[in-house]
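Multiple structures follow.
One chain, chain A, appears in both complexes that follow, with chain B as partner in the first and chain C in the second.
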Partner chain A sequence: MRGWKPAPHILLLMPAFIVLAAVVVVPLLLSLYSSFTPFRLTRPDTIYTFIGFRNYQRLFADREFWVAFGRTVLLLTVALNLEMVLGLFLALLVEKATRGQRLLRTIMMFPMMFSPILVGFQFKFMFNDNIGLVNNALQSLGLTDQAIPWLIDGKLAFTSILIAEIWSSTSVFAIFILAGLMAMPKEPLEAAKVDGCTPLQSFRYVTWPFIMPFAFIAMTIRSLDIARAYDIVKIMTDGGPAKRTEILWTLISRTAYSDARMGLANAMAYVAILLSILFTVMFFRQLAKARQQIGAEW
Partner chain B sequence: MNENQANDLKKMLLKFGHLLGLFIAMTIICLPGFWIVLSSLRPTVEIMAKPPVWIPQSLSFDAYIAMFSGVGQGGIPVLDYFRNSIIISVTSTVIALAIGMAGGYAFARYQFRGKTAIFLGFMLTRTVPGIALSLPLFFVFARLGIIDTHFGLIIAYVALNVPFTVWLIDGFFRQVPRDLAEAAQIDGCTRWQAFWQVEFPLARSGIASAGIFAFLISWNEFALASQLTRSTNSKTLPVGLLDYTSEFTIDWRGMCALAVVMIIPALTLTFIVQKHLVSGLTSGAVKG
Partner chain C sequence: MATVSLKNLVKKYGHLEVVHAINLDVEDREFVALVGPSGCGKSTTLRMIAGLEPISGGHIHIGDREVNKLPPRQRNISMVFQSYALYPHMTVAENMGFSLKIAGKSQDEISAAVADAARTLGLEELLERRPSQLSGGQRQRVAMGRAIVRHPDVFLFDEPLSNLDAKLRMQMRTEIKKLHAKVQSTVIYVTHDQVEAMTLADRIVIMRDGHIEQVGPPEEVFRRPASRFVAGFIGSPTMNLHNAVVGAGKLVFANGDTLPLPQQFRDRVTEGQKVIFGLRPDDVYPAGHGIHSGEAAEVHSVEVPVSLTEPLGNETLVFAEFAGQDWISRMLNPKILRMGDRIKLSFDLSQSHLFDAATEKSLRG
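Our next item is the complex of A and B:
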């Protein structure tokens, strides 16, 4: 007899386990530990001083942190919802097209290829108050004679970031919803029509339940990648002007690398990680529910 | 006007509205990219002009020539960045793909306890924001002395890509009927042979698209790369883009040119895989 041999699935999953443990889990444990120390990059020995929850206490009393936190949640909620709605519209528009659908689908994927940092630069360029496309167009059309300070005014800057974020990610939703629309059997729709449903009703009760899981897959993928918004914000405003577009991630990188306060930054990072996990788990559960519903109905 | 005509009119209006909507949507999608390409070809004077110059007077490839002509000529070491980007993206993709195939196959073909939990656990490692992960990685890598090396970024990107490749490849293997491999095994193949001769060829195009997906993620990644690279030894293109910015000014033309250079490989690859990508991620959505 040979010696103990592990089950094949364990063997197959082992490499993935090892890599993820080495590059993600262990460093994260380290950062969890360092969030309990006053660790500064400039003074390496500070990592051995244990100060308990003082970083977290400081964090929870810090107004700036909570403002950034709230802004991050606001940005994500507004962006994800708008992307979903716009993606749905875009998918319906493309699905209705009788000719050139392939071309339209290809164009639709276009923003997905832009890396977030490129999206950031591109919109920073377009929203530039002096030479940007948006202001130039508005002025040439005579809609305004002033240069609108898109990235300089706090509220406008937030809107600009939102637009950039939506531009870059709406197509993710559109693509998945379109995939759902195209996979949908046509008979139920025809049956609904025969039964006298209005187009709105048949959309609400036939189409929507069918494409919902696809929309949730898009949501889940987006929620996994949600922190890529950091690149966009970092480039467009870097949290400015005067911290009015500061989100959690730009605050973390500033605290860690500019102020070199690693301990505190790691404490913030943990809050950011929990936020991401929360978003992901939420959508995974929706996904599971939507799948079950479909399974029951079809 | 009788009822028939009114109906026709309504239909026409609907059709017109639909076309208009499509046109506006497509314009919004294409315009930023078009603007970047155009700006990279125009002289800086035209970009900066006030009032704006809408119709380009002269187009040239000066920005590209300057970019590739080396550091002294007002260019940036694009070739170094390009080389780094290629080496790091390709290597990390190949490794992530190998690991993802093993993991995806395990999820698709074996039943074991805690399967869902393990799958979710894999996904959760992906949710860690890059910037949050960069803090401990920066510290660990500095201790190990692998900051600013290809190796450091490669293993970071492998870890970043493994959850996605596992998910995608799991989906593709699930589309391959289980009976096929079993039939091959009955015919005398070992499981290993059955995998390479039956299941792998059927899932191959899907696996390729998972690879391209992973490549694009590495190619575009910025949050980790910006902290874990320092010099031309390992800086990638997204980080190199920052070379065009200084404290108060940005060389818009040069940046647009580099953006075009960055986008072309991504564009080509995405077109190749677009079909498989969606089917891989959605497989099982309908059948559970």
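Our next item is the complex of A and C:
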């Protein structure tokens, strides 16, 4: 190595490059490569067989995959919308509180403090058809005399998962929107009152445009969250019964580890990541537009 | 167009009363300025008129309607805020037309009204811009445009010029005055700047600690201040105000120096009464350099040392020491003076003011 003296700036950047390459770039390229092989964990030598786009071809013809894909998009859409509406209401309520607002804000964040695995277990217990709290409550109130199969019926199971997801993460929206409300200058609202706005019109024309960027940040974060949703579903239904609640990542993990078809699973994962990127790009565009609209300086 | 009348208007925050039963009648098309130091309740009063602040007692009438309980949107007022309060996500045109849009006017009507207001204020070029792309003065103008498109009964201005630099402030002051002449509506204008109040208003309301100290045309509050506070607040530089005691037809100051008791107050004070003597810088001047030189009837001159000078070009403010205090005097056709120079200082006692030291009220009849 004598005589080879890299410029100081390259030398100084080198550690960062090496670490980045080791933990991000190489695994990324390796997994991308493996999606072009029939790699099975049980037969390590298969990683050397290059099969081109065959995994992807199979994937695009695979009904099961597209059902899981569609279900993930559905979960994402419904959860995001409901969380947005509920979070908005929560934020507006908490913002009105003149006393104990800090306490309320902290309480509001409680669901975020639990591990999703535990949330999964908790809701699995609550929605259990025999011993669950929900059925118990419904029966005690005389609303039904049957044990509703919350986690067994496909639609009900999806709803249950949705409820668990919303419960655990609505506060993300609430916190962001509340931050927006608190950062908002109060004078335009007063101007709107003088200009003849009813409270609803003030919200529609003044408050909402202002908090929109904050809502979009929350949407971006949550869309990534839900697109990679795994833990709550894994615990509550494990994609079952009979794949009726299968979503992308439960399918991918099953393909990778239970079926040991890592190559195919990696191909799925890359498609799933494209979905995430798509949503992120979309929300960031909206965010940029909304920010520009209010002339935000951040 | 409408009158505004406040009757025993009270504002309390919890147990703290900040506006104490004030009464005020504003004539139709009158320009009234509420002026006073910060915390005197002038902005609170304006916000109560606007309906942004609930009132704790008394009555507010706009025209012949009592508006105590009405929300701002039913009062037919418009308001210009100190921070402009423009809607950041709307263009200038949208900002100005917003109230009409809310009122359900057609797009044609809105466009016509906005174009009209834009012409009045010289905003035609800026209609498609957003507030963030405008300078302070332009934003201020848009805020005024937003106020005038609706032809409200009353305009409320809440310190509209205090965020502008001195030059722009003077320019906008003229524009507001022209605007008022053009739109001919009732204006209530809050400011802490007495020059703004003096130059703009038909009548000035001077407030202090939630009370009204004096109401009157600029000329009157300047010439005949009703209290020591008003005397000190109105006029720039401020009036010379010094404590004295009446003794043997003279005003005796703390260090024993004296001035003759002004004739107009001879019958209004008693021997030994503690008073505050006031004389504007215009009425105390180095001999031969005053406004009234020669013609004033009641001039008393004393030789005193100069302690400081502030040359302003066409005039110089001379701080001279008399009776152990600094007196500000205005020197016209100035000549150069240095600290410690002895000059003959003339007091035009016919222009003097006298306030009771205890009540601080004017002793003038």
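As a working rule, the second predicted complex is superposed on the first by the 269 of 298 C-alpha atoms of A that agree within 3 Å, B and C clash if a C-alpha of one lies under 4 Å from a C-alpha of the other, contacts with A are read in each partner's own complex, and residues count from 1 in each chain.
The rule is short, and it goes like this: contacts are C-beta pairs under 8 Å (C-beta built on N, C-alpha and C of every residue); 3 or more make two chains touch, one makes a residue touch a chain.
Remember, predicted model here, so these are calculated numbers, not experimental data.
**Q** Once both complexes are superposed via chain A, do chain B and chain C end up clashing or fitting?
**A** The answer is fit.
**Q** Thinking of the overlay built on chain A, is A:272 touched by chain B (first), by chain C (second), by both, or by neither?
**A** A:272 contacts chain B only, not chain C.
**Q** Treating the CA centre of chain A as the corner point, state the angle out to chain B and chain C, nearest 10°.
**A** About 80 degrees between chain B and chain C, seen from chain A.
**Q** Please indicate which partner A:97 is in contact with in the superposed arrangement: first for chain B, second for chain C, both, or neither.
**A** It touches chain B, and chain C stays clear.
**Q** Looking at chain A, which partner touches more of its residues: chain C or chain B?
**A** B
**Q** Would you check which partner chain A:85 touches, where first means chain B only, second means chain C only, and both and neither mean what they say?
**A** In the superposed model, A:85 contacts neither chain B nor chain C.
**Q** Quick one: is A:74 in contact with chain B, with chain C, with both, or with neither? Answer first, second, both or neither.
**A** A:74 contacts neither chain B nor chain C.
**Q** Touch check for A:260: first (chain B), second (chain C), both, or neither?
**A** neither
**Q** Touch test for A:217: chain B only (first), chain C only (second), both, or neither?
**A** Once the two structures are laid over each other on A, A:217 reaches chain B alone.
**Q** Does the superposition put A:131 against chain B (first), chain C (second), both, or neither?
**A** So A:131 only meets chain B here.
**Q** Based on the superposed arrangement, let me know which partner A:183 touches: chain B (first), chain C (second), both, or neither?
**A** A:183: touches chain B, not chain C.
**Q** Can you give the closest approach of chain B to chain C, taken over C-alpha atoms and in whole Å, for the superposition?
**A** 9
**Q** For chain A, which residues lie in the overlap of the chain B contacts and the chain C contacts?
**A** Common to the two interfaces on chain A: residues 294-295.
**Q** Would you mind writing out the residues of chain A in touch with chain C in their complex?
**A** 185, 187-188, 190-198, 201, 205-206, 209-210, 293-295, 297
**Q** Going by the contact rule set out above, which residues of chain B touch chain A in the complex?
**A** 18, 21-22, 25-26, 28-33, 35-36, 39, 47-52, 54, 98-100, 102-103, 105-106, 110, 112, 118, 120, 122-137, 139-140, 155-156, 158-159, 162-164, 166, 191, 216, 219-223, 227, 238, 241, 250, 252, 255-256, 259, 262-263, 266-267, 270-271, 274, 278-279, 281-282, 285-288
**Q** Quick one: in the complex, what on chain C touches chain A?
**A** Within the complex, chain C contacts chain A at residues 50-52, 71-73, 77-79, 81, 83-89, 98-99, 102-103, 130-133, 146, 150.
**Q** What does chain A use to touch chain B in their complex?
**A** For chain A paired with chain B, touching residues are 7-10, 12-16, 19-20, 22-28, 30-31, 34, 89-90, 93-94, 96-97, 104-118, 121-126, 130-131, 133, 136, 139-140, 167, 171, 175-176, 179-180, 183, 213-214, 217, 221, 223-224, 226-228, 230-231, 234, 249, 252-253, 256-257, 262, 265-266, 269-270, 272-273, 276-277, 279-281, 284, 291-292, 294-295, 298.
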